[in-house]
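Next up: some structures, all given as structure tokens.
Heads up, the next two complexes both have subunit A, just with different partners, subunit B and then subunit C.
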Partner chain A sequence: MDHRALTTQVTGSPFVPLPFLVIGRRRETRDTVTLRLRSLCDATLHAQPGQFMMLSVYGIGEVPISISGLPRRPGELEHTIRAVGSVTRHLVALHRGDHIGVRGPFGTGWPLEAAYGQDVLLIAGGLGLAPLRSALVAILRERWRYRQVVVLYGARSPADLLYRRDLSGWQQRAKITVYVTVDHPDPSWRGQVGVVPNLIRQVTALFEPTNTVAMICGPEIMMRFTVRELQKHGIPDERIFLSLERNMQCGIGLCGHCQFGPFFLCKDGPVLPYSRLAPYRDIREL
Partner chain B sequence: MASHMIIDVDGLGMLITLLQREGYRVIGPTLRDGAIGYDVISQVDDLPLGWEDEQDAGRYRVKQRQDTAVFGYAVGPHSWKRFLYPSPVVLWRARHSADGWRINQPAEDGARLAFLGVRSCDLHAIMVLDRVLLRGPYVDPSYAERRRQAFLVAVQCAHFTPRTCFCVSLGTGPRATHGFDLALTELVQPQTHRFVVEVGSARGAAILQQLPHRPAQPSDLAAAERAIAQTAASMGRQLQTAGLPAALLANLEHPHWDTIAQRCLACGNCTLVCPTCFCFTAEERTDLTGATTERIRHLDTCFTLSFTYTAGKSLRQSIRSRYRQWLTHKLATWVEQFGTFGCVGCGRCITWCPVGIDLTVEAATIASTGQTTKGVE
Partner chain C sequence: MNDRSPLELLATHPFTADLSEDQQAHLATCARIAHYAPDDYLLREGQPATAFYLIVSGLVSIELFVPGHGPRPLQTVEGGSAVGWSWMLAPSRWEFDARALEPTTAVVFDAEQLRALFREDCCLGLRLVQRLLFVVTERLKAARLQLLDLYGPPRER
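Up next, the complex of A and B:
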């Protein structure tokens, strides 16, 4: 199998996007939608949970967006996008039938196979749940391969919670534990209030630290405190995986924008074990 | 064919003509706007005959020489990156029609380039770019095509004082040993102005065959060696490279980064003149109706705030962090990424820094006064 991005296989250039069609659009929150895309060219995709695609709105620009689901049909993609800049504003405004350019898949995926037979902690802050959702979908399809599966998720407010239907569905499945917290509750909120790392001590009875794989995605400050908490509970650095975000413009390690120490986060990452990131953890503005 | 031949100045002119006749656009050093840069040339007179340069940190001047040497100067502000990895480049174009967007990839302009006067440091810079743009999991198609076609005529560094150079420290010069099609060593003596020619490839040999040439005498070769050795012995700068990557990475919070930042203007000149800096930014450009669009890339510099703009803010706010990114990329992380330094010792960043920051001095200061154990291995 050709492991290079689909784009290069088809066009010969890693920079040229392939035409995709928007086939579904679901509003998640006030500013966030999930798009389902289907390839308009005859090619199969092998996108892994944790990897990302470069999505182009023709005439506007291109942005890196992680895979947030695992459609079963070949040539389909699912992406959850929050409107934060000009390209993402145009992306969330797309509708069924619109055309979109796609390059990828790029980067490293979550260590799903390495987590076989292990307890799994999925820890998300904000939009960080999107890349972890694709991991969770994969885990649910092969639930028997894993031991405890725990999802810890924090959002700014109840209105910012993603995948609300999924969340309640996951909670109702006895074999997955889901804890949700928000920073700013509204009067109707009956759940927990506070930051995500505080949830970890509530679930320590559920996992065995040296047989656990933790996967984290969220704002860097949230990930920093989450890692400290996990370390405090005895999870070794090489079992803690982070997905890092940078200003990726090419996806293939050539534009240079996503460098973090020796890593090009677009190809060496975005998912990296904390044991490799640890030497750079306290360096300001790296 | 014997390994070394002699051509004279007329032969150099014929070389230019011959390369043009073979379909190459010949690019070489030429004096313009008070500096020796690289541009399209068509005859020997386009070359800076009888000119030399004076360089130091933050200083560059050209002046007339006592002799008529054609290549009696160090490298100027341009590098071959300008032609092999031009900026801007159109990555693709798209046109809107009734049945959606049609994307097409612009064809390369097909120009075959011949570079006349490639110094050893710049040959190594091209080899560094080869590693970045051709040897990774993804190939840059535009660079690949230009690089494959390019005919390289190297020139051995001789007859000038390399004030901001430090290729000897990096093992990248001053003698060009490989990676060229032909290599010239200029011999400027009052009666006979001539070039020792070394063949580096079959296509180099084929070109030389068509020029009037004669075998080099042992005395010619000895004179050539002396001239190159003289350059090597007069390097103006040096850089201690042993253990340097680890030493820099162990000192990412060294207070000297702040000291450099007080001088650094974050202008990005160093990245602009660097023959290996490859970072780019991609942008979308549309016509007024929005019916056609093209995506272009242009070279960028890690010294701007926008370079690290992520999720609403720039991650490298301070100049300290941006200079540190540049220096540690060149001299430390590049080694881990590509198996070579990102620096070839050409000295351009020293000469063209408007405040004369000298990376050989800054790297040495941090490596010699910093921590040796704590931090990154």
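Up next, the complex of A and C:
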């Protein structure tokens, strides 16, 4: 398995946002929407699942947002955004026909080719399903290349579940095992209650640890406990991939805001194998 | 599944699978198989804790009844896990409700017989208490993580 970080070739100047048009908007939850974007300048982006773009609202600011789907046509992008601050509130409020600035793609993608012929575990917590959705869509396009595909997803409450229609559709159509759990159920919820790491032991019969690639995205504490659970079940560190988030700004490893130990997560990450991250896991200052 | 004996189920259940055949046979003498339909209660808060449950298949919600709000699920337990340890500790009354969410099958042990078996065979008792402690630890860890509200609003940006 290739452990080297991939450095993205950025289209044109990496600092100049390209103009994009909002061509679709779907509300996912109370505070989260998925935007579909189309380039207004014939830019051909080769964004890979796991990479991120810098999205800017003119006059407001810029934020890093992961790719959450694959383009239906060249020059299109799909991003799922939660309103948590000034810039993201403005992004979530955009509608069809609005303009937006886009830089990227930046960073490393999920190891989809390395997972050919392997069992695949996609483990997401909260908004972490968005970057993994793009990986799952890519896997579905080439489902025959993979063995078991298991999606484990945890959210705060049923109302916070992303892509609800997709989740049931994937399971029914594509021979994918999907387990969903929530921390705080409402009275109508009949599914599992509890944290994501608890789901892993329920699917151990489905994967062969030394032939499994695990991809994880979610809050860091959730990822830490998930990694421990995967290790308990024999998945080697070099087969566990995490998507980490820090304060990405320049996107090309110059400004240093996203430094994590020896890595610039905007360039060497956000997706890294745990075998490379493990030496730094106990350094609290990071 | 329905026609399997307690002993057969104990031989494959993760909680008991690696016990010796003799130990499994001893345990089977105080066990029966029970089936629960969705919304059936395995146990109810405040009632005497007279049984110990190994969930074979299905899904069970551990919950508290909150007046004015109804049952509030705290955690779910799936096939391969265990439910109920109040029978080990005085005053042996259930602290929570456990309700089946799906059709559920369990091996149900009579607590009094199980306690007698532990007094008679301390080695078996110790092994099972260690396993139960593992289950308790996992539940405590999960409850602590839930308390952190991991998926709450992230930092502003």
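Methods note: the second predicted complex is superposed on the first by the 273 of 286 C-alpha atoms of A that agree within 3 Å, B and C clash if a C-alpha of one lies under 4 Å from a C-alpha of the other, contacts with A are read in each partner's own complex, and residues count from 1 in each chain.
Convention: a residue touches a chain if its C-beta (ideal position, glycine included) is under 8 Å from a C-beta of that chain, and two chains touch if they have at least 3 such contacts.
On a predicted model such as this, the values are computed, not experimentally measured, just so you know.
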Name the contact category of A:84: first (subunit B only), second (subunit C only), both, or neither.
both
Who does A:225 touch here: subunit B (first), subunit C (second), both, or neither?
second
Could you tell me if A:125 is touching subunit B, subunit C, both of them or neither one (first, second, both, neither)?
second
Which partner chains sit in contact with A:187 here, subunit B, subunit C, both or neither? Use first/second/both/neither.
second
Can A:201 be said to touch subunit B (first), subunit C (second), both, or neither?
second
After superposition on the shared chain, which partner residues are touched by A:156: those of subunit B (first), subunit C (second), both, or neither?
second
Of all the subunit A residues, which ones make contact with subunit B and with subunit C?
84, 219
Taking the touch rule as given, give the residues of subunit C at its contact with subunit A in the complex, in rising order.
59, 61, 70-71, 73-76, 78, 80, 101-102, 138, 141-142, 145-146, 148-157
Tell me, which parts of subunit A touch subunit C in their complex?
63, 82, 84-88, 125-127, 154-156, 160, 181, 183-185, 187, 189-195, 197-198, 201-202, 218-219, 221-222, 225
What residues on subunit B touch subunit A, complex-wise?
91-92, 94, 96, 100-101, 103, 105, 132-133, 136-141, 249, 252-253, 278-284, 286, 290, 293, 295, 297, 300, 302, 307-312, 315-318, 320-321, 325, 329, 332-333, 336-337, 375-377
What part of subunit A is in contact with subunit B in the complex they form?
4-5, 8, 11-17, 19, 56, 58-62, 84, 99, 101, 219, 245-247, 249-250, 252-257, 259, 261-262, 264, 267, 279-280, 283-286
